[in-house]
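The two complexes that follow have chain A in common; it is paired with chain B in the first and with chain C in the second.
And then the complex of A and B:
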């Protein structure tokens, strides 16, 4: 391998602009900290962050494609789409930060969001186990801090601690799995690993490695039985942090593990088209997926807290996303699951944005469902946007969430009809989507039907957040009516 | 003909305009909604006047939508869809006329109403299963908010139950369609292409797919024992929504059964049709008997809807050209009649007396207090009983003749249902409108009714009622006009395969 550092530098220009943005936000904040109010400092940091992300998006769009630095990074269409998606979701998150309750360290908050985003963009392209792990950890460590950054609320610290303990554990599992893979194949390059595994039998050691990797994947995706952190983190973390954890982090993690599993470990996938008991990671993934659908949807029915409800809905969506990973199949048909993850991220960012805005306006925050009561009177804009986000999560056409589900289920059926576990899983997912509509309608019932408490207190939403919310809602509608706009790109 | 897709776009655009107009005043929203409905109704009538009946769907627009999955935005019409589109146009206009008294959040009300109408137009015009499914689901969510926001008795319960039943049904449809799509090689969702592919499916696959798709749609058509959403939902809904639900939305289900399930999976139809027929007959008789003992005026009409929709399903299950054309005619007829009945109960009577309990209504001489309502209800009731001269008669007669051809037993049991329908209609007519006729002199009306004279029937109510009565009588006297559209449509190869497979 002939290291070409200039090429690497060019390929990493998006990351460079994010780092520069983070440093600029921190530095400028130091300059203005004495003379300006918290709100002005937040505004300044957000603008710097937004410019950095926009610059990164431009670099991704115009930058080079193909294999970089001897195959350490792969900037194929999927990587470019994921990078753009993660950056766009991070940008929307910045918009939501403005509308949520103000935090005491605005510049640090924005800088850490940017650092997490660097992790996401690297995850999107990583082709080597070391880079995979480093990117994942960069993102995870940033997210732990984001979850706990609100020092005024004990729930936030609790969320951060839970997230950190579970995350640290899963990282240890992942690293152990990687070391076993390295021992079995003598390589950390996904291509070489795949070549080596193709000529090996499935050994017990390999099964252990696969289990370790799936544990980490399950954690990252908030899939059952590794979901325990999700409700507490979604509930305790500041809404914008939860939005980032639930959207961009999911999208990047999903693409990373899809690549890792199919491109690196594809030879040991096993079989879910028919139930013949071939060992591999597909059957395990199928079990995790089915468990998440059941636990997420049934658990959500019992929730009375909006954020916990969104967390359980995230668990159920994780089940569908894993079904999408299964449905990628030997044909590498990756666009259904990418579309699903991207549009799910959009809807979740938006939903948390609305929750954040209500959280700021209500003295008691936004906890139980009844805190949403009468939203249509208090802020028609928030109510309308929330309806779009929640109905997209529920999979109602013409919103993008519907087509994502449709494409994933169709891909799952194409594997082998209803004769095997993949088909059964798709049937379960379809049945569960009817269950899910119930709790999504409970949210909308409060927001759009229930009468507000008198006197009606209107909710003021900052302009930046309004733009971000409308952009997210409009994207969901446009991608729902013309999904080909995104599909043509992949 | 080619203007028909505009009905969809006009309705959705009108929904947005009504939402905006509602911010100014309720009256503006009303006018916008009425103009929208009238425009699309005019378009359908113009298209109907230009229509040349023939076998097969006449394509209106066919463009690649999502080429990655072989999905086309394909709209087409034949005599069957045209019948139902005309019905939708009529129901939409009269529904808005009967919601003229909506003051609270009127903009949102009419926006949801028109969005629902747009979805309904879309379903009736779709010739691609994906397109049809998308419009079908678009029509589900507005129902929840219409009922939960503007409804009456147990509205949140009724709304949620109705929407969950509809959505569970559509989940079954989705599963069946995706299965068929995948088994057919994942090329296309076009109804014709799916049917071609289905010819090569194994028997088990066809039986499974038909069961999923038919049952999914039949839930919305009120198939026993999945009908329980209908009475609670209809009762909870505001008048215009009940009219639309019973009048048009239940037809979406029956239309889906016919257009998608039956035409695509003829082998499945042949296997399942006896079961469907018996369930339909049970529904006719059971719902009729339940209607006979209801104490709530609106519940009587709600159960009568289930009973009448049983005839539609029986006609479909009998699977011969006569029975199916009767079923389509019954869809039209029941759409108009149910609309009228719900309008009288929900708008004319309930909004003025504030009670729907038959025991209370019995004490009021409603035939004197509101003769127009009484007259309308008597006409609609006669039509609902299947009296000659009204649209119910040719429809139910054709279904019974068709069912007899397939199995005389079915026709006999269903005929019992006609008698029960006459019984509960006459009972409710007598009790609610002519309760205290005996010995009543003008002076003997209880004083408390005269203290609060009832508001006169408004012009909007009169116009809406006359529109529906005219349609009911016209089709009753001249059913040929619809049958001449429907019968040729059933000659298309797709339906011929299905109807022969079912009859043998």
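And then the complex of A and C:
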């Protein structure tokens, strides 16, 4: 192979600008650390981070397309869209950081968010098992640190430890699965793996490898029965960290695994259009998806803590997203699931941003649902934005969440009607959406209707966070009314 | 001869690996890990991957296990007293064991592993020069990414473990 380093560097310009941003944030913070307050240092780091992400977005938009460096990365439309989406979600997360409770290490916080974003952008384009694994770990390692960065609260450390142990375990599973795939096919390139698997029959060893990979996928996506870490992490981590864990990492991870499963292991997909018992990963994925929908939605009904409720809602959405992965189908129609993941990410970032702002204003933080009471009087802006985010999560038209759900369910029905597992799963998803409406409306009832028990203070939200919240809400409305805006680009 | 060596090292690796998990004393578990790594290195030697075997012994058996022992000594752990088995966890263990046993049995009954074609794929870890060449050409991107992975790990350790006295400047 004749390596073309310049081409690799050009393809990695977005990552380079993120790295430079992270290093600049760390370096400049060292210069100003003595003379400035925590607030000023945070503002400086956030500006550097925002500029780095904006530069990365420009590079992605204007950068080259196609296969890079002998097929290590694939910069197709899906990769570009995912990179832009993950960068936009990271940018919104930076806006939410400003509105949440200030942390002890602002520059490190921003730098690690940028490092996690590098992991996401690499995940979006990776075409080689080694890069897949490393990009995933780059993002995961950053997210473990982000979950535990609030050292003033023991819950944060607990969240980080649980996330780390579960994540490390799932990484081991993934690596084991990858090594079996490599042993079976003799290659770590997705294209070559797919060619090799197409001429092999489904051997028990391959089934073991598929189970390993799906277990790891389930952990990363917080799908049942691997969801145990999610409620504790979403509750304990700082809200902005939880926002990143739930949004950009979901989007990038989903695209990564969609690519891995369909482009790499597509020959062994099995069958869910009709229940004929063909072995493969699709039936396994269908079971995980159905379990997540049931467990997520029914578990959320019992929650009294806003963040735990959002975590269970994330589990149920993971079920829908997996249905979307199933619905990609042999026609490789990835746009429904991409649209779903992107709009779900927008709504979740916003919801955690609102939770973070309330968390900062309340002396006792934002824990139970009753902490939201009277939000419409304390800050009409937060209440209005929260309504948009929550209704989009619930899938109420005309918001983007509705169109995402509609597209995914329609794609699932198009596979084979209601005569097979895919159709049954879509019916289950529709029924569960009705259940979900109940707990989403519980949040809105507290925020918009309920009277607070004691007199409350208005909430002051920093300007940057206001812009980020309004941008997220506006995007949800615009994409809901006009989904072709995103779909035409793709 | 090669088959005999493989069986020898494979059994040795499995037994010592079980020792890592089952040992209640942490130091003994770490020593078992050392032996496991030696067994794996032996397997690599049997595959003509001398470089990998050497790196495994040097980095893992030498440095990583030594670090484990350091940490165990620093924390002064004696190994935990395992709580008695509850009814439910006993049932869960039985089911899990049955599932794994079923999987292993069906694997042995039904599996036909493809014949290894070692001659066709040269072991890249065999020769140092080839290995280094691959690192800087085909696998350049993974190497770079690992660099940042280590940077993040370092940053995380510093941020999470640094002690600070007053919290007065957190508003």
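The definition used in the following text is that the second predicted complex is superposed on the first by the 488 of 490 C-alpha atoms of A that agree within 3 Å, B and C clash if a C-alpha of one lies under 4 Å from a C-alpha of the other, contacts with A are read in each partner's own complex, and residues count from 1 in each chain.
Rule of thumb we're sticking to: a residue touches a chain if its C-beta (ideal position, glycine included) is under 8 Å from a C-beta of that chain, and two chains touch if they have at least 3 such contacts.
Since the model is a prediction, treat every value here as computed from it, not as a measurement.
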Inset, instruction - Kindly classify A:31 by the partners it touches after superposition: chain B alone (first), chain C alone (second), both, or neither? - result: neither
Inset, instruction - Return first, second, both or neither, reflecting whether A:467 touches chain B, chain C, both chains, or no partner chain. - result: neither
Inset, instruction - Go through the superposed model and pick first if A:165 touches only chain B, second if only chain C, both, or neither. - result: neither
Legend entry - Contacts of A:438 with chain B and chain C, given as first, second, both or neither: first
Inset, instruction - Once the structures are superposed on A, label A:453 by its partner contacts, choosing first (chain B), second (chain C), both or neither. - result: neither
Inset, instruction - Check the residue A:402 against both partner chains and state whether it touches chain B (first), chain C (second), both, or neither. - result: first
Legend entry - chain A: partner with more touched residues, chain B or chain C: C
Legend entry - chain B residues within the chain A interface of the complex: 65-69, 108, 130, 133-134, 137-138, 140-141, 144-145, 148-149, 156, 160, 163-164, 167-168, 171, 174-175, 178-179, 181-183, 186, 205, 208
Legend entry - chain A - residues contacting chain B, complex: 335, 376, 391, 396-398, 402-403, 406-407, 409-410, 413-414, 417-418, 423, 426-427, 430-431, 433-434, 437-438, 441, 444-445, 448-449, 483-484, 487
Inset, instruction - Using the touch definition up top, name the residues of chain A that touch chain C in the complex. - result: 1, 3, 5, 8, 12, 19, 26, 37-39, 69-70, 72-73, 102-105, 108, 111-112, 115, 118, 122, 128, 130-131, 134-135, 137-138, 141-142, 144-145, 148-149, 151-152, 160, 184, 186, 200, 203-205, 208
Legend entry - In the complex, chain C residues that touch chain A: 103, 106-107, 110-114, 117, 120-121, 137-142, 145-146, 148-149, 151-153, 155-156, 158-160, 164, 167, 169-171
